[in-house]
Amino acid sequence: MALVQNFPFAAIMLYLAGGVTCCVLKPKASKWVCLVLNMLVTGLMFSVLLFTVHTGESYVYWMGHFPAPWGNEIRIGPLEALMGTAFPLVMTLTLLGGMEHIFEDVEPEKVNLYFTVVSLLMVSMLALVFTNDLFTAYVFVEINTIASCALVMLKYKSGRALVATTRYLIMSLLGSGLFLLGIIILYSITGHLLMQPMSARIQELFASGEYAFPLTVTIGLFSVGMALKSALWPFSAWLPDAHSSATAASSGILSGLVIKSYIVLLIKIFYRVLGSEEILSSGVTDVLFLFGVGAMVFGSFYALKEKDIKRLLAYSSVAQVGYIYAGIGLGTKAGMIAACVQILVHAATKPMLFCTSAGFMSVSGGSRRFEDLRGAGRRDPLSGIAFTVGALSMIGIPLFAGFVTKLWLTRALLSRLGWKLWIGIAALVLSTVLNALYYIPTVSLLFGRRNDHRFDDTKPQKDYSYLIAIVCFIVLNFLLGTCSEPVTGIIETGLSVLS
Amino acid sequence: MNLAVVFLLTFLIVCAASVALTKDPLKAILIQMGFSTIMAAIWLILESPDLAITEAAVGAGVTGILFFVTLRRIGLIGGKAGKKK
Amino acid sequence: MKLPRFLAVFLNWVEGEEVFPVPEQASGPFHSERIKKADPKKKPQTPGRKKDHSKLLSALYSALSVIVCLTVILTLLTTVSWLPRFGGDHNPVENEVYTRYVERELEEAGAVNTVAGMILDYRAFDTLGESNVLFIAVCSVIILLRADRKKDGSLNIPELESTPEEKPDDIIFRCAAMILMPVGLVFGIYVVLNGHLSAGGGFSGGAIIGASMILYVRAFGSEKLDKVFTFSTYKWITFAALITYTLLKTWSFYTGANGLESGIPLGKPGAILSAGLILPLNICVGLVVACTMYAFYSLFSKGGFGNGQ
Amino acid sequence: MGSNLMTNYFEATAVICFGIGFTMLFLNKNLIKKVIGFNFMDSSIFLFLASNGYISGRISPIITNSSVSSENYINPIPAGLVLTGIVVSVSVTAFLLALTTRLYLRYHTLELDEMIRLSNAEET
């Protein structure tokens, strides 16, 4: 086994050790441990990405001395390596961008625990991306749940954050309960927990028609469980509060990464466990498509009415998650590519928007209301420019990242005639218009002139880490928007070796 | 299907239903501890002594203690009366 | 239909009636309803709300709950009716995975208790994740409940102010604790150390030790334990145990995946020093769990432990 | 309806308790009751899982004598998974209870709706 093949496992173990170490360190030291760890893992995973793209295949890595049906294992292919590179990269940039606010919003004695939580969150997300075993997935889903709730409630002064955490935690627990029940029903009819042998057995069962009802119920349980956790529209009531009341970096991480890790897991389950044809015939894709389309429209619709910048961004997340599910729900390969592209695009854009929102707040007396934010883009030009880039990307203007999603989604829709085409196109157009309707007024408001002179003497934060993070995010956005070919190529090979 | 098993399983359902109906948190916690104890007995019937030990120590012991300490901290049960274990 | 007497009494109790009439001045854990009503901190109900309106809403809400409950139950019952028979010996779960775990576990992992061998050797990644679930949970509880003070002595989170614990003086409870505490401690240590030989293991043993420590503190007060067991002791014990766990498992995973010999002797099955890594791992988990259970208790009851921390 | 409902009485009990626990966690307004509902939900899932591993007439897989034939022992996998699950469940319970404590100390109520109302009022 080549040395580079050990890196995904090393990444998980490094984060574990790092997280445990952060809890005994001083806040400053733990900050550096966490940042260095993130950069290191980004580098490691990038080399794994190059390796898997070079070989064009996936490989399994035994977690222990025993092969597939007996021992745990993880599995890395191009798609997993791509996600595994993107997650720590975005995490590094988000932490850099929100660092100043982390030290303001979190209790001074407990800042090191913030980095512990972040490291364990990364452990769980990487494990969810790499896992080849359903029960491992459940355990790490639980770590993910607790860690993401902890990220929200770390903003200790706000009672609203506590209430939002409770609602978030309860919905997440319902989701993981259903997910666990699904795993157990599958175990009792297949006798396996690892994806490969389980999938082989499920194909036999589908062919023979045995246990048809339990299998349908299981597909439903997985979909509802993951939809609850990733805030698909009818189940998304908890999201705006949870994501808007956390500190800026947490909001970015939750919106950009945590939701996505569950969707990646769902895609893996669909492809690797249940088999994509069976999913199609069960009709669950149609339901997911309808919900996704509903999210695209209603999420934007709610955002239209918001007068609070962080809640606006959170509702926009609901709409963007809808794009991912609409892509999955199309049930074609092009649709799945669109979904994966959207995962990356949203992960690169939304954390930047949340970081800039914190920048605006600090030049507006800490307020998130639109009436105080008027002119904030003039007071803090860097954040203003970054917000404009993010907004244009979310609307889907060419050259920006969001355009690629819309391009691929349209392409996927056009290749599929029938009712999905018309509903999808209508929703796409409507959602784009609605996006423009709330993002463009926000941008013009941020660059508008104030009539009073309340915030004239506030200076923008002079913080190099913020500058670096924002510049990197903008560059990343342009890169994704202009040269998306290699990325979609990797996703395509990744999806074809996934099943 | 022997009678003891049926009795225990029925008791589980009765416990769950009665917790759903009661309004008093303290009663709910007491019934929940009963639920855990019965669960420990069921693990023994299912030939899983590991689970029985763990459930007895955790489900009936530590979880119960945590519930009581919570209630005492927030002042729903008072003073010396909040005895543990 | 006439209910049996004991069932009727039970249901009445659940519904909130007192089973045994009690004098008004009595207080204790069974009369929380009364204490709750007398609680001065509890805000009075807002009077402006229309009564019949809210009644209708709450009826609708209960109906919704019943419908949700019944839908979930009926769907799952139908699923259950299609599943393989309970207790049958040709079910799908009786396959090669099960056979190898039972038949070859003794030579491959060396633990007499197959369950311990399975979770700490074959499926060790899950178990590593599990101990980190506990770790992140205790971090979250520390974040929520540890009462840190600013330089001027006021609390960061003002509502966490707690009244100092009164010294317990219940003689019966003390006698019981005097007998139960050492027994529990020894039994817990036994369960941890024999995790690979008999039922139990790090987690259940640790929980028993933790429960004994809680019992001691409840009976005799926490001053003596606080001197030894400060927050930093707790932090370093957890850190050392979890890092050891992670390092041991990293070695084992690395050698396993690369096809190397792990070089850890399995020993003679049945001996206390056998089963390779399982004994040290159980000790690590037992330490973490015992300290964590005690930490949960102290954090919940007084927002920190040891030296006023 | 399939034919095995009456033979699978362990699973049947488990899903009934699961339904009750699920509903309590989802729709009950009292936070303490929600936590207990969560406990019921998880315990019954574990009962469901463990009953899958049971085979009538066999004993628990602690290999005391030298007979290592799989004919004698029940399936150890569900027991191991449930052990992992119980740890997860107690961790989450502690977290939920800590949240409840903090919320009660801040708002002096256990009803979630009331807390949402109070926290919104506090913000504006």
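Order of writing sets the labels: A, B, C and D. Residues in every chain begin at 1.
As a working rule, contacts are C-beta pairs under 8 Å (C-beta built on N, C-alpha and C of every residue); 3 or more make two chains touch, one makes a residue touch a chain.
Being a predicted model, the structure only gives us computed values, none of them experimental.
Should one ask which of A-C and B-C has more C-beta pairs in contact, the pair is A-C. Note on chain placement: the centre of chain A and the centre of chain B lie 38 Å apart, centres being C-alpha means. Computed centre separation for the pair chain A/chain C is 31 angstrom, with centres defined by C-alpha atoms. Chain B and chain C have Cα centroids separated by 12 Å. Centre-to-centre separation of chain A and chain D, using mean CA positions: 28 Å. Residues of chain C found to touch two or more other chains are 41, 76, 78-79, 82-84, 91, 93-94, 97-98, 101, 113, 115, 123, 126, 130, 133, 136-137, 140, 144, 157, 198-199, 201, 203, 296, 300. Residue positions of chain B with contacts to 2 or more other chains are 25, 48-50, 54, 58, 62, 66, 70-71, 73. In chain D, the positions touching at least two other chains are 2, 9-10, 16, 18, 20, 22-23, 26, 28, 51-54, 60, 62, 77-79, 81, 83-84, 86-88, 90-92, 94-95, 97, 99-102, 105-106. Applying the touch definition to all chain combinations yields A-C, A-D, B-C, B-D, C-D.
Looking at the complex, you find that chain D touches chain B at residues 9-10, 13, 16-17, 20-21, 23-24, 28, 30, 32-33, 35-37, 39-40, 43-44, 46-47, 50-51, 53-54, 58-60, 62, 74, 78-79, 82-83, 86-87, 90, 93-94, 97, 100-101, 104-105, 110. By the touch criterion given at the top, residues 10-11, 13-16, 27-30, 32-33, 35-36, 39, 41, 113, 115-116, 162, 166, 168, 170, 173, 180, 191, 198-201, 203-204, 207-208, 210-211, 214-215, 218, 293, 296-297, 300-301 of chain C touch chain B in their complex. Listing the residues of chain A that touch chain C in their complex gives 1, 6, 9, 13, 16-17, 19-21, 23-24, 61-66, 69-72, 74, 107-110, 113, 116-117, 120, 123-124, 127, 133, 135-136, 139-140, 142-143, 146-147, 149-150, 153-154, 156, 181, 185, 187-192, 201, 211, 213-214, 217. Across the interface of their complex, chain C is touched by residues 1-5, 7-12, 15-16, 18-20, 22-23, 26-28, 51-56, 60-64, 68-70, 73, 75-81, 83-84, 86-88, 90-92, 94-95, 97-99, 101-102, 105-106, 108-109 of chain D. Against chain C, the residues of chain B that register as touching in their complex are 18, 21-27, 31, 48-50, 52-54, 57-58, 61-62, 65-66, 69-73, 75-85.
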